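Single-structure report; data block below.
Chains here go by letter, A, B, C, D, E, F, G and H, matching the order in which they are written, and residues are numbered from 1 within each.
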Amino acid sequence: MDDATVDLDRLERTGVPEVVFGEGKSAAQIRGIAGELLGAGQDLLVTRLDADKAAQLADLGEYHPRARVLVKTHEWVDRGRGEIAVICAGTSDLPVADEAAIVAHALGNRVHRITDVGVAGLHRLLAHQDALRRCHVLIVVAGMEGALPSVVAGLTDRPVIAVPTSIGYGASFGGIAALLGMLTSCGSGVSVVNIDNGFGAAFSASRINRL
Amino acid sequence: MDDATVDLDRLERTGVPEVVFGEGKSAAQIRGIAGELLGAGQDLLVTRLDADKAAQLADLGEYHPRARVLVKTHEWVDRGRGEIAVICAGTSDLPVADEAAIVAHALGNRVHRITDVGVAGLHRLLAHQDALRRCHVLIVVAGMEGALPSVVAGLTDRPVIAVPTSIGYGASFGGIAALLGMLTSCGSGVSVVNIDNGFGAAFSASRINRL
Amino acid sequence: MDDATVDLDRLERTGVPEVVFGEGKSAAQIRGIAGELLGAGQDLLVTRLDADKAAQLADLGEYHPRARVLVKTHEWVDRGRGEIAVICAGTSDLPVADEAAIVAHALGNRVHRITDVGVAGLHRLLAHQDALRRCHVLIVVAGMEGALPSVVAGLTDRPVIAVPTSIGYGASFGGIAALLGMLTSCGSGVSVVNIDNGFGAAFSASRINRL
Amino acid sequence: MDDATVDLDRLERTGVPEVVFGEGKSAAQIRGIAGELLGAGQDLLVTRLDADKAAQLADLGEYHPRARVLVKTHEWVDRGRGEIAVICAGTSDLPVADEAAIVAHALGNRVHRITDVGVAGLHRLLAHQDALRRCHVLIVVAGMEGALPSVVAGLTDRPVIAVPTSIGYGASFGGIAALLGMLTSCGSGVSVVNIDNGFGAAFSASRINRL
Amino acid sequence: MDDATVDLDRLERTGVPEVVFGEGKSAAQIRGIAGELLGAGQDLLVTRLDADKAAQLADLGEYHPRARVLVKTHEWVDRGRGEIAVICAGTSDLPVADEAAIVAHALGNRVHRITDVGVAGLHRLLAHQDALRRCHVLIVVAGMEGALPSVVAGLTDRPVIAVPTSIGYGASFGGIAALLGMLTSCGSGVSVVNIDNGFGAAFSASRINRL
Amino acid sequence: MDDATVDLDRLERTGVPEVVFGEGKSAAQIRGIAGELLGAGQDLLVTRLDADKAAQLADLGEYHPRARVLVKTHEWVDRGRGEIAVICAGTSDLPVADEAAIVAHALGNRVHRITDVGVAGLHRLLAHQDALRRCHVLIVVAGMEGALPSVVAGLTDRPVIAVPTSIGYGASFGGIAALLGMLTSCGSGVSVVNIDNGFGAAFSASRINRL
Amino acid sequence: MDDATVDLDRLERTGVPEVVFGEGKSAAQIRGIAGELLGAGQDLLVTRLDADKAAQLADLGEYHPRARVLVKTHEWVDRGRGEIAVICAGTSDLPVADEAAIVAHALGNRVHRITDVGVAGLHRLLAHQDALRRCHVLIVVAGMEGALPSVVAGLTDRPVIAVPTSIGYGASFGGIAALLGMLTSCGSGVSVVNIDNGFGAAFSASRINRL
Amino acid sequence: MDDATVDLDRLERTGVPEVVFGEGKSAAQIRGIAGELLGAGQDLLVTRLDADKAAQLADLGEYHPRARVLVKTHEWVDRGRGEIAVICAGTSDLPVADEAAIVAHALGNRVHRITDVGVAGLHRLLAHQDALRRCHVLIVVAGMEGALPSVVAGLTDRPVIAVPTSIGYGASFGGIAALLGMLTSCGSGVSVVNIDNGFGAAFSASRINRL
């Protein structure tokens, strides 16, 4: 494994094993890293894994194609204090919401999904107000103008992690419009992760839920 | 008047006299242009006029300092078919909303104001749903993430003209976040004018209201 | 339909059914949403639908390949007070102009087309001055520097909705040059929609025309 | 109070009263809003309040000049489950770190400060590893390249909220370099707020700490 | 003169003496450079010279305050084959147009001025069609969307040099909108210089006119 | 020909027939436009024509694949007063330089080519100083940092038209680095056209050369 | 060889032959340039050479596919005073690190590789502190937030050349986040080359190592 | 000293004491940090120190106003193997070049200055070719298009550190044009530091010169 220095100590230090970012790595490189992690008895999580490489690595774990995530959990244990909500503005945002939901679950959290509740039809969101107040952390996934986290944050006292998606065209500039909208949200209690970074939102939410 | 070629024919062609953009013009230049317009019996509207220059031009008309607009209307006539709503997300956006409201009125429209109804407290906006459906055109002014027009457009069948403001800091980038948010709005029926361009929104709304 | 929360109430609230944004949705997802809308007796409009997915959905309605729009109207009714003009600067802008024209018609408006009248040959536009003054709303589609709306706005008293297109190269930056040009237009009465957003322009124009 | 629609219901809905963003509001406007909040028995927090306006509002509460925050707490109660760490990369970042610390305390949290521990001298940070593992939430404030959150996240299992600051020059572009660095952090468990937004970080951290 | 290496040979090589860019240089530095140039019998042209420094250098030549140019010509000679037109879209663009006109004249060209002929009132420009065809080179100065050069280029067979100005606000981004508009102009025969660079346009036009 | 409004009058007005921008037009649309131009006895010039469409239009004229230009000249006449130099910084810039050279020739100018004379090996350029002073107009094509026009402009008294190319990677941002470098050139007498716009440079140079 | 002006004198002037940038050149053009260099007895180095063109040029030298570099060294001589370290933050950055290592070696330097030592697991880097102090120059390759050079520079007194990579997604913007992070590094002694420019880093390091 | 954690160990680790970045720190904070450094017998270097704060700290060392640097060296020792050249494109770039030269000298290096040798008058630079080959490291400071490092790198075999300056206007965008130009330089052996970062260039050059 000249190509990688696997951080086996990370589980001890941060509570979670090293997660493998699949983009830009060959199937052979990923297999090598996975071997070290699994060999040490740790769980395996590979994100941004395209279908071609996943086909070559099918023996390593379960692959979720829409989320592009491969998971191998030795034994699933509920490590959280409550549920994590994954709220999604539009149907086109589902791949990112899936990544968040699958990662959150793989890290030992119960997940509650709410889908297609964009702000152009407010009643769809308002129908879920109980969940907004019950779940421990709210992951809010939205593209285009990314307005949903602002509205959600005004309806709850729970922390909101906003995920801008690259859904949109023209002046959405691959998710910049949503990213800026979320960073400048008038709603309080919103923090933001990278564009399309369902993984990062789930990871932060999991740290919060496991406090 | 070597410095300007006043377009006295514009009233005939477009229904409204030339409007003077005050920024970058000296008080003397503005007085010259105003003289030609008023001399031809046309109304006078000067925008982006700072207080110093306004003081030198106080005899020409009425100056609105927060909106930085100077108006001289020979006789106000209601030229519109309905009301124009000017809806404002936050108190800090008021200078732009004022510009829109004053210009809309000067162009012969009745104006209905709704102020400080940002999306972080939805009930404030929902209390005005009747007006959202009654007014003929809705001008929606917002800074930061600029989410208000998306929510408004989902509650009405009237045309919405969105005005991003430069209110905000950091990633709001002087109004770019709001501008992009409005351009990529998931709400249908929204069109957008330049950052802080209350004048432009009022002008478009007036053309619509006078159809 | 776990993947979508169809907003069947939108027709009541805003006068027009939910429109389906086809990009980023699978054919199966679109079919599901379409089923709910059509099942409720509402019309169907799908935008940004590529030819591959359209072939799988051919039974749902009529597909316009250059505009990438699928339409199913139960009964076309003229709901507008006048005509909507769709004015196009260059031949290369036609796909966006087509989207605007087809959507405007599907929403119950008569449409008047004017094509290839860019500002480098002014006489081509000036030949249509009657239409510029007769139509109720003018949609102006242009790429490159996007100068056409400024010129049009100076020749009429009607509202102008400008649509920047991504036509151009280099410093056009995928439509940014045209977008900025339209937002900063010296012509009054111009509002702007997203790059290549013929749909949005038509939707706004339709709201205006139905007032 | 025509200029504001105070959201007195927000305390009920979100657990914290409306916070006043001082920028772009006049002292008179702020006094009006404060009157409504205090009159309803709620606490007062004004951010981004410059020294001039603070001098006119000195009777309303305690002003912290470096943080530009004004606070009036009726009775301070510890509402958190643990401590919030406020970690600061450089001395020049202190105004933002102060804003975070003062807001976090005003919202009912105990705060632990760690100052001037940038990554160019790692031993300074490593000396605080106990605190990085003990505190419930870590707010990490950094300008320039904003690398500190990445390093901190690798040393703890607690959620990290990163605050980019506008400290730097040239290619720091007013905090953009730090913002992008934090959004693309290789460290997991990091979420990000707007440039210089110490308030937002404290607000999110408080929601987490009060779970 | 340790601070400068004056290029006295430039007159020989390029036909024009070194021109002094005044911004960022002290009055003492400019006086030193001027001394070398004048001592060698060459003409002196200082651009971007603010009023304060100009007052200290009043003995060196004639200062044009609106254009911020200082000129000392030993003997004016007509070196051009025809006239250079300096066409200006709006009154606010005059400082840049003045810089172009004064520099063009200082370099030995006759100059024809046309002012305030923006595209929102086309008849103002069309009244000057003879000049557009008679002058040898056309310098076109415009801010906001910068549409004027596209229209001019379609009315003449002469080379057009476009100068974007920083006039505008919001999405004009200090002249970027006009710059991009001119670079992507649909009009042929247009080349562009830097934002507010009246000097550069005049210099290029002079090289053309002296061929 | 519903898709185009051919500007047959342009030859009269500007001295050159309408040139067809091939990108975004179908072969059928181009054939239609070409038919009108050729039918009126005018020359045909199509730029940005990819090989596939060119194969369908092979009967219309001569196609230059590297330059992506199709030309049909009824009779070549030397209309210029001197030569136009096309100077190219690197081998990778040749497609753009070819476009400039072929268009310049098609418009009736003699062309002198100088290739691969980037500033990292100055002696290569200095070997051509005679040509830099003899040719009437100099087109300078360069990618990466685009420094060549600055150096050329210091060695001649002729007008320089700079063409940035999209050659480069990373911080060249598709030609932006070269574009900005040329716009801010310390060399006088340089004007700039759009990225990769060899056509535009040739057109401007031809207008100059035909004066 | 009309398409290139090979700079055979460069070896004399700068100590290294001209290096061929393969992107945008045809295999035939590269073969022509290589022929001139090899014919003059100089070494050959081609960078950014894709696999297709490399296959056509296989006889010219040794091709390294991950680095996309082709090398032909007549006789390898150690020309450096010490070792050059090539330090790589993640496995995905290896293609760029390879380019740096292979070019550095081809230019006559010994190379020491350190791989996958990103800042999220500091102990991996700290294990190599001896090498950080022993090597003469340190090339540090990193994507995402690009924090590694800041940390390295604080652990050594050797010059650090930072190479941002385009690894990442969303707000990494193709390497911009890493580039800005490195330019604004709080670590002293860091200079930066273009995104993905392993070649440039190796070239600079070689100049330093050969002093 | 609650506001700072001075890194007294840095001298041992990196060969140079901590350098104080003056921007954003109060005079009192700087005095505190300086006290710790001087108290430990280390030298003092404060950069980006404006004149007002320098006046309050005049007792601490020697202040260079144009460079905004304060220096206190206990005993100057020549620690370098050769000279460092500081080459400056224009007179307006001198403040940055001064910072580089003063810092390089303070760090124990002999400095050779070359001033005002921009590429528009090549003979000025060519007159210094001996120095370009004799000095050990070349710092090249330039604003506007930043072309000078490319030309210098082609004339020497020494490492070149390029410093873009914020000198220029319009499309120079505060130094971005020069920064991008230097990063994409066609000259080999060039690495780059932040805009206006004379300090960083000197620091890197000193590390190289002390090898």
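Note that a residue touches a chain if its C-beta (ideal position, glycine included) is under 8 Å from a C-beta of that chain, and two chains touch if they have at least 3 such contacts.
Just so it is clear, the structure is predicted and the values come from calculations on it, not from any experiment.
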{"item": "Over-half contact-pair match to D-G, picked out of the listed pairs B-D, A-C or C-E", "value": "C-E"}
{"item": "Whole-Å separation of chain centres (CA-atom averages), chain E against chain H", "value": "35"}
{"item": "Averaged-CA centre spacing for the pair chain D and chain C, given as whole angstrom", "value": "44"}
{"item": "Intercentroid distance (Cα basis), chain G paired with chain C, Å", "value": "49"}
{"item": "Between chain D and chain A, distance of the C-alpha-averaged centres to the nearest whole Å", "value": "25"}
{"item": "Overlap residues in chain B, where contacts from two or more other chains coincide", "value": "10, 90, 120-121, 153-155, 170-172, 179, 183-184, 188, 194-195"}
{"item": "Touching chain combinations (by label order)", "value": "A-B, A-C, A-D, A-G, B-C, B-D, B-E, C-E, C-F, D-G, D-H, E-F, E-H, F-G, F-H, G-H"}
{"item": "Touching residues (chain side chain D, partner chain H) in the complex", "value": "90-94, 115-117, 120-121, 123-124, 167, 169-172"}
{"item": "Complex contact set, residues of chain B against chain A", "value": "89-90, 118-122, 144-147, 150-151, 153-155, 168, 170-173, 176-188"}
{"item": "In the complex with chain D, residue positions of chain A that touch it", "value": "10, 13-16, 19, 81-82, 136, 153-161, 179, 183-184, 188-195, 200-201, 203-204, 207-208, 210-211"}
{"item": "List of chain F residues in touch with chain C within their complex", "value": "2-7, 9-10, 13, 18, 21, 23-25, 29, 33, 48, 164, 166, 174-175, 179, 194-197"}
